[in-house]
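The same subunit A turns up in both complexes below, where it pairs with subunit B and then with subunit C.
Coming up: the complex of A and B.
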């Protein structure tokens, strides 16, 4: 910390919360409140109800939630494998920067463009994915691999080569070194990347809108549909369900991370 | 399997700069060879060439009679211990030691016994269940040594294994390493250090390196008593190096004639005279030199006197003196003819190191 006296520290913390609460926390507070409100008058909600959540439990929202979670799991797994593989392969070569830029490109353009590109690319045999869940997963994976790659590449740079060399001198083949030394040492970064990829995929909307088949409808699309037709409060309830699910997943991942870091 | 290491004209360059040049050295089976040299002289590089982490641009490396120059590190069958331990942080000490055994496909039933044996040898049996971060530096280094020895390598490479430890622990570990070597007489060791005490204590022979080249190689006694160059003399132990001119049957330091066996040196040639500080005596005697006292250091058991003799500094290491001569007074120092070594010229005389 830059300040040492307890009072100064409290002042800094207060200033932080004064800035943080309105900018970051208030919008979420509004969503949570709205999901429990019957209506809204002026700056405050009017009347409390659980009806919106009951509707969520009854309707097909849960299917959408499951769809979202499955998509996010598959996309993050694909992104982690691709990103880690690429980071390991490009380590210490000149290709490193090129690969990094390639992975970041999809993030740098509007995701609608990614969706459109996939639609055009995979609509004809032999590359026919259009209308299948796979194209949604693919889009999400393309959009989040950059984060997996960056995180693993940075961790690889910090990795002390002495451990790997010790392993090699002890007779371990490159594969054994990878599986038993390198990947375990990368576990904290891998799990951080996994959490980020999962969260990004859970919230992805624009590319999904262009690609989702009727039988594979992720939750953000439902949220959008609800708010689009003016059903703000049921939409808020859906958003809260999405947020809570993502939070639970992130907590589980960070459990893994603290265990890995403690070892 | 015969062990031993042979460098045959090994040259290593990092991006155009040559850091090891036509390096030739043989470590006999069961021998402890110390690689001694100043920082940046290429000691670690030589070791890495044996381990397989750098590829020589020229020359060959042999382990036993096997040419390993093109072999990847994991096929070389060496044990390696480095300064920063490099234990696997996510494995307990026992698993660290077992790692190499599993990699070598040792039968499962044998592994536990061999792990126990290796940890026993380094006195770490009680710590098998601890993670590296739960061990002190000295304990971690013992585990690292156990891990390297567990695979029963023919060749053990040690890169400044003790330099991260404090002085007390270091001398203890030095004794342990000497004991390990007695218990494992077949293992050849290449021991990199820039600490001359470690080299003198442990090594059967010492190779002195400077600027990527081998300067000198011999038994500790040889290198200490009969160094081949001024660099060796000043690097192993401390030395008074004086620029002299060879005359018939002796040498001359400035105007003073000294009675020193000139060996084969021709009269009139310039040379460097090397005398160890502890062999210089105070008072009159053979080869007496007069000078003024410039420095007095008390080192407990000894007094170290710096004497300026016609512009050259001579250091005398004397048994503790009752009365020390005051600074600036004239004193006479002397040395016996057979305690002096005449070296080829080229050293900037008058320097004492150590």
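Coming up: the complex of A and C.
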């Protein structure tokens, strides 16, 4: 307890909320309110409406949502497999440092540059991916693999080796130790990594703007297109859909996590 | 392609005991995949940046780009906005984390949860919200014209570097708060109680007890945020500011809008070098922090 007098404590807390609420809570409140409003030219929005959401439900915005979810699922799966494999294989070998640096590198490189690099590399045969949905999925997978790797590598460091040593000493093959001992123990951090990868991929804009083909428009691109042509209120509705989908995925994943932790 | 991948994915573990594959060889498939889709394309960007349009190889594209006023503006904007945002996020994040950790209040855990969720949302949502709050027809200006009767409000900074700065400080402050909250939770409360019982006032405790403990987390969070600010694209794109160009926006503009891939690659290389240098610093600080923690434990 840093501040002992009750009055001073209340003052500090008041200052905290006076700073925290306008800076961090207001943005989300404003977006949600705007998505339900017909106009906003004063202190408060004017006219409540669900039109923006109706437009989302029947327009091509629904396609964008499906596109985003499919991209995020595919990219997260690829990132989890690659990141987990790399973390498991590099554990305890001399290659660990190098692999760690390599797999965390995509975080340090600007996402726009990752997009540019894929454009430069995959625009010609034999690897002609430019203009296909695959190049968007690939970019997302590269960008989120770093988080999957870091999460699994950190969990492996904390893992008690006694369980797998016991299994191995009882004659279990390395494959069986992996599938029946190590992966179940890693399940909580794997699901946390999955949630993070999904969320990051859902909101990815930078590399996507460089790469998206006309028939594979993820939701963030759609939000940008709407606000860029001045349609702020439909844009806000799309942003709410994006946030709700991300939150649903994160909640589902944390459910799995608590269940795995209890087992 | 998919079926061969699946096959090779299954083979190594079963083949392990018989073939005696060295343990490090299992690392090769994921590293090869990363090399094919990430490292090789990056190398191609580097190669393209030294292969000017006219043929041959050399640094003429670099000379061209460096001579452009647009590039120099973008470089200056990028560095200044990133430095300003990082400083702002550090100050704000430290103050907020301090209150959450040491002046507990009901709902503090919920605030911590909110910070975690905040981190998983895309950055451009902040700019979108700011458009409603400070935009030309937004809340703040609406209140002003309503109160004073003026034709237009005074808030017109969203399309300037200040708008980008405000959005980046808002978005990146939680990235500073999370490592700080972790560091604060490891500080012994007894230390603070002793300092207080010896007569130290709160500011002195913060300066002499808490700050030294939090310094590694502050440094690590700060350099991570600096790198992320240098690479930020969505916030700048959404402000739609013609006057504010940063290096990532310049890469996008040159490649997609102008079709000048060589120029885009040159800017990309400059951006990568800047970010990697700072990221190397970040890794150095975090590994040192780990070392200190392990030594203490």
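Here is the rule we use: the second predicted complex is superposed on the first by the 241 of 263 C-alpha atoms of A that agree within 3 Å, B and C clash if a C-alpha of one lies under 4 Å from a C-alpha of the other, contacts with A are read in each partner's own complex, and residues count from 1 in each chain.
Simple rule for what comes next: contacts are C-beta pairs under 8 Å (C-beta built on N, C-alpha and C of every residue); 3 or more make two chains touch, one makes a residue touch a chain.
All values derive from a computational prediction rather than experimental measurement.
K.L.:
Following the overlay on subunit A, give me a clash-or-fit verdict for subunit B and subunit C.
P.N.:
When both complexes are placed onto subunit A, subunit B and subunit C end up side by side without any clash.
K.L.:
Considering only the touch criterion stated at the top, classify A:185 as touching first (subunit B), second (subunit C), both, or neither.
P.N.:
The first partner, subunit B, only.
K.L.:
Look at A:36 in the shared chain and tell me whether it touches subunit B only, subunit C only, both, or neither; answer first, second, both or neither.
P.N.:
Touch partners of A:36: none, neither subunit B nor subunit C.
K.L.:
Quick check for you: in the superposed arrangement, does A:173 touch first (subunit B), second (subunit C), both or neither?
P.N.:
Both subunit B and subunit C are touched by A:173.
K.L.:
Is A:9 in contact with subunit B, with subunit C, with both, or with neither (first, second, both, neither)?
P.N.:
Second partner only.
K.L.:
Quick one: is A:69 in contact with subunit B, with subunit C, with both, or with neither? Answer first, second, both or neither.
P.N.:
neither
K.L.:
Using the superposition on chain A described above, determine whether A:110 touches subunit B (first), subunit C (second), both, or neither.
P.N.:
The answer is second: A:110 touches subunit C but not subunit B.
K.L.:
Please indicate which partner A:148 is in contact with in the superposed arrangement: first for subunit B, second for subunit C, both, or neither.
P.N.:
neither
K.L.:
In the overlay, answer first, second, both or neither for which of subunit B and subunit C A:253 touches.
P.N.:
neither
K.L.:
With the two structures laid over each other on chain A, which partner does A:56 touch: subunit B (first), subunit C (second), both, or neither?
P.N.:
Neither partner.
K.L.:
Spot which of subunit B and subunit C makes contact with more residues of subunit A, would you?
P.N.:
Partner touching more subunit A residues in the overlay: C.
K.L.:
Just to confirm the geometry: in the superposition, how small does the C-alpha gap between subunit B and subunit C get, in angstrom?
P.N.:
8
K.L.:
State which residues of subunit A lie in both footprints, the one left by subunit B and the one left by subunit C.
P.N.:
Subunit A residues touching both partners: 173-174.
K.L.:
Within the complex, which stretch of subunit C touches subunit A?
P.N.:
Going by the criterion above, the answer is residues 9, 13-14, 16-17, 23-24, 26-27, 29-31, 33-34, 37-42, 44-45, 48, 92, 95-96, 98-100, 102-105, 111, 114-115, 117-118, 120-126, 128-133, 135, 137-139, 142-143, 146, 170, 173-174, 189, 192-193, 196, 202, 205-206, 227, 230-231, 233-234, 237-238, 240, 247-249, 251-252, 255-256, 261, 264-265, 268, 271-272, 275-276, 278-279, 283.
K.L.:
If you look only at subunit A, which of its residues touch subunit B in the complex?
P.N.:
Within the complex, subunit A touches subunit B at residues 160, 162-163, 165-174, 176-177, 180-181, 184-185, 187, 260, 263.
K.L.:
In the complex, go through subunit A and note every residue touching subunit C.
P.N.:
Contacts found on subunit A: 1-4, 9, 12-13, 15-16, 19-20, 23-28, 30-31, 34, 40-44, 81-83, 85-86, 88-90, 92-95, 99, 101-114, 116-122, 138, 141-142, 145, 173-175, 178, 195-196, 199-200, 202-206, 209-210, 220, 223-224, 227-228, 232, 235-236, 239, 242-243, 246-247, 250.
K.L.:
Residue numbers of subunit B touching subunit A in their complex, please.
P.N.:
Per the touch definition, subunit B meets subunit A at residues 51-53, 72-80, 82, 84, 86-90, 99-100, 103-104, 131, 144, 147-148, 151, 157.
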